[in-house]
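Below is a structure I'd like to ask you about.
For reference, chains read A, B, C and D in written order, and residue numbers begin at 1 within each chain.
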Amino acid sequence: MNDMTVFDVEKIRGDFPIFEEKIHGKRLTFLDSGASAQKPVAVLDAVQDAYRHTYANVHRGVHYLSQKSTELYEGARETVRDHLNAASVDEIIFTKSTTEAINLVANSFGQMAIGEGDEILLSYLEHHSNIVPWQLVAERVGATVKAVPIDTNGDLLRDRYEEMLTDRTKIVAITHVSNAIGTVNPVKELIAKAHSKDIPVLIDGSQAIPHMKVDVRDLDADFYVFTGHKVFAPTGIGVLFGKAELLEKMPPYQGGGDMINRVTFEKTTFATGHSKFEAGTPPIVQAIGLGAAIDYVNKIGFDQIAAHEQSLLSYATQELGKLNNIRIIGQAKQKAAIVSFTMDDIHPHDIGTIIDQAGVAVRVGHHCAQPLMDFYDVPSTVRASFALYNNKEDVDALVESIKMVQEFFR
Amino acid sequence: MNDMTVFDVEKIRGDFPIFEEKIHGKRLTFLDSGASAQKPVAVLDAVQDAYRHTYANVHRGVHYLSQKSTELYEGARETVRDHLNAASVDEIIFTKSTTEAINLVANSFGQMAIGEGDEILLSYLEHHSNIVPWQLVAERVGATVKAVPIDTNGDLLRDRYEEMLTDRTKIVAITHVSNAIGTVNPVKELIAKAHSKDIPVLIDGSQAIPHMKVDVRDLDADFYVFTGHKVFAPTGIGVLFGKAELLEKMPPYQGGGDMINRVTFEKTTFATGHSKFEAGTPPIVQAIGLGAAIDYVNKIGFDQIAAHEQSLLSYATQELGKLNNIRIIGQAKQKAAIVSFTMDDIHPHDIGTIIDQAGVAVRVGHHCAQPLMDFYDVPSTVRASFALYNNKEDVDALVESIKMVQEFFR
Amino acid sequence: MEDLKDLYREIILDHSKSPRNFGKISPCTHEGHGDNPLCGDEVSLYLRLGEDETLADVGFEGKGCAISIASASMMTELVKGTSCADAKSRFQQFLTLFSDDSAQSHSDIDDRMKALIGVKQFPMRVKCATLPWHALNAALSGIKSKDDGETKDGC
Amino acid sequence: MEDLKDLYREIILDHSKSPRNFGKISPCTHEGHGDNPLCGDEVSLYLRLGEDETLADVGFEGKGCAISIASASMMTELVKGTSCADAKSRFQQFLTLFSDDSAQSHSDIDDRMKALIGVKQFPMRVKCATLPWHALNAALSGIKSKDDGETKDGC
């Protein structure tokens, strides 16, 4: 897969047209990939080509364009299957986002397996997308949502996790990597513990997939979800992997075209495999773009990507640590390339606005992780998140701009 | 809006790169826009520009790219609002498709207002996407789905409609234009009748929006839904218009980022306006593409588009009528540019495959409208659907290719 | 056009215009059903199992394209009188035709199966050719088949 | 950088560093609350309505950026001692500042409002400036405000 012998970040930056932009006349320092990543030419071309040369609706047509379009769409499914090492394409469902994928499972699995008095186990590290869908289903059926606490470094409390796995627990839904503070959870072990009590596990891989190779069979995940736009793919596409044995038993989520076997007003029967969960015209071209994005990262290779990002993470942590009044939030044993911090007396919003004028794009706010913010007793943080196209200069620009903020508010 | 004085179909065809393709070495005769329409350069450019120059996640960022991206995304919402003449952008919700929009209403409105013994009124003209979501909700709450019958021309039986509006009817969900046979329903009157009994109405505008100007306030529709890919926009984007007074009362559908006010494990409160129904990262660039598509059609003008398409419809109906053994299915008083037909002894699937070799792309099958097929007692039809870029040559190519089929099976 | 001629060979047009073994049989011991949700086509397959476990009689009904009707018709000819085990292995053989490029040259595959090889050039139509075979398989196995074939004992 | 200087004027930095009327007041007759779901900021606004329907005392609490704290602080100064009706019309005036380009030159708008005009160049920050005003409005009107302000009588 890996046909680059050295990781050349400048060459990679050249693949991303956005870096030609000037921001307020300055070089773009893009440290907001955790919110959404930029797109390489390979993805943009795949999108354009699909619309220009082979576009038509999929599945139901016998004509040439429909056939080509179906081949590309189903080809993208195979690319995702292969990338995740899933057993079958029937285990790969295209959604519009992680959020939709989790809602699908919360509703469909919930309807099947979660009842009054049952428990759904999350963690304090979760994104709202892996909290609210479960709260909605819990309220509907009379179940309870519980959350595994963390220590101040941002590591999950493993003994608490094991205690909280009870015979009332019907599912565990936990993030692979925290979007707010970068903690990498030991998901393989967490899954094994849950399975020892026959509890299925959903892993939210939104922040993992851009940074590491994931093997759902090695993890033995029951559900694994991610969103395309964070892994250099178009917006509007997400993935739900689910074990076939579970998906087969689950009722459909949305109703519509393509997910049926036979419709009458008296009785409708449903399709099998992934089709059951893909109602209506899917995000065809976005799935094709996702396939191209996965090919792109695999060509570079995750060993290289991870090594590069980890060196940026160390450098950024070290340089930010030299500044006064900076408090880094989240110091987990294993971290993805995400640095969250606060500054004494200066609010993240003001920091964000000021450094933007220097072309530095970070995310400020609660990162859709308010329970985690509450845990650290901060309303919000500044978050710099790194991707394969970031370089040392980006870290230096961030540090310089933070000095400017300190100057400004002196 | 209309800055073209004459409708120049050849110039319009030039806007659509797909027409440069050769299909099995032949000219592309694309008569499958009812399934999904081709994309003009204006839309492709909007998509490319959004990714190349201003891409970032929306709403939560204070940095330049996030702000630009938000402006473009919210600008598209305003374009849609203006196009539909909705009162407020809070009434415009971006979904991934018509299918998702209907599922949203069926679930959220259903949860609020449909209970045991209640009725949901559809028609025999509906697409599966406007049947199955209602069946799923009906089964969950113990309600019943009823369908207004049609006459053999494909016109809704108006007296039956009025009779079927009872005090058990909690919502009417009806298509504006039939995708399978082209019937244009008199939706304004249908809505008025339902309102006289205080019953809200959802209109499925998937097949109307590409062909006519729709004014939701003039129609007084309570919900109006459509899908982007049929109106020359990217895949992965749809629209739900809902009256603010209804949306405000309805519970959220999916949970996740952006649709919340405040999240804690104890209690989560929800955002207001359109945000409540847009959980997670939305199809940002697809919405921007939809805005560009709407601008594109408005520039041409719907008077011109409708006149052109109607003349194609008459011509096609006339020329196909001259052939032996052709039965045109659906002869409603008012029809959109869709011609569905069967041929004695030759199955639509075989027709589709054979004329594809001549570069003619039509849809063959049940068009996700099995109850309608059952009504006409055919398993499937051949459907030629026209859009603004079709011309007389397309009709001629279709007719020639059908003659070829007759030759083949002689 | 060459591909088309290869798809709609004479033998296929012949079987589709005059399908053999069309109609319910009586008495009938097993029934199988196949739906193609993409086009709405349906095939029902009827069997009478003889005392020696052979398919004493076979019939089919359904609406479908030339490919599916011809495939059904040729299939009934092929399996009538064979043993259940034979019929099942023919079903597997038939699927192999479309998944394995070398299968075409296997001499043990009957020509009435190979006649459908032209479908390979039309991927969207492969399902049309296999639909009746899935219905047969459903009837034979008495289990819900992959294509939602349904079976009931006695029909 | 000019835009930044215009945003963070001296008066704003001053109010944000030393906010006036910070803290709950006692006794307090009305309370309003504002949330900014996008960044998690919150402002609570406390009023004591005098017998003559004037705002006898005003205080606020909350976490927020320099803009929202300064805006809250300047607002409390502006409305303290005024009538309810006056306070409400000032709320409207303040919103107008950001929606109507000509409002900036209106002589009846207090300078402590106009000091925030620099926010207009930063659309994502307008909400920061208006948040405390929405909390005030919620406290005044006793109805759920557009920004999810909540009020209760007596606090």
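A few points about this structure:
Just so we're on the same page, a contact is a pair of C-beta atoms (placed from the backbone, for glycine too) under 8 Å apart; a residue touches a chain by one contact, two chains touch by 3 or more.
All of these numbers come straight from a predicted model, not from anything done at the bench.
The chain with its Cα centroid farthest from the Cα centroid of chain B is D.
Computed from the mean C-alpha positions, the centre of chain A lies at a distance of 37 Å from the centre of chain D.
Computed from the mean C-alpha positions, the centre of chain B lies at a distance of 45 Å from the centre of chain D. Separation between the centroids of chain C and chain D, computed from CA atoms only, is 76 Å.
In chain A, the positions touching at least two other chains are 60-62, 66, 260, 262, 349, 353, 364-365, 370. In chain D, the residues that reach two or more other chains under the touch definition are 38-40, 122, 124-125.
Pairs of chains that satisfy the touch definition comprise A-B, A-C, A-D, B-C, B-D. For chain A in complex with chain B, the touching residues are 17-18, 21, 23-24, 28, 30, 32, 35-36, 38-39, 44, 47-48, 51-53, 55-57, 60-66, 96-100, 102-103, 106, 122, 127-129, 131-136, 145-147, 227, 229, 234-237, 252, 254-260, 262-265, 268, 279-286, 349, 352-353, 356, 359-365, 368, 370-371, 374.
Within the complex, the chain D residues that touch chain A are 1, 3-4, 7-8, 13, 38-42, 63-67, 122, 124-125, 128. Those residues of chain B that touch chain D in the shared complex are 59-62, 66-67, 70-71, 260-262, 269, 271-272.
Looking at the complex, you find that chain A touches chain D at residues 346-350, 353-354, 357, 364-366, 370, 373, 379-380, 408-409.
Those residues of chain C whose C-beta lies close enough to touch chain A in the complex are 35, 37-40, 122-125, 146, 148.
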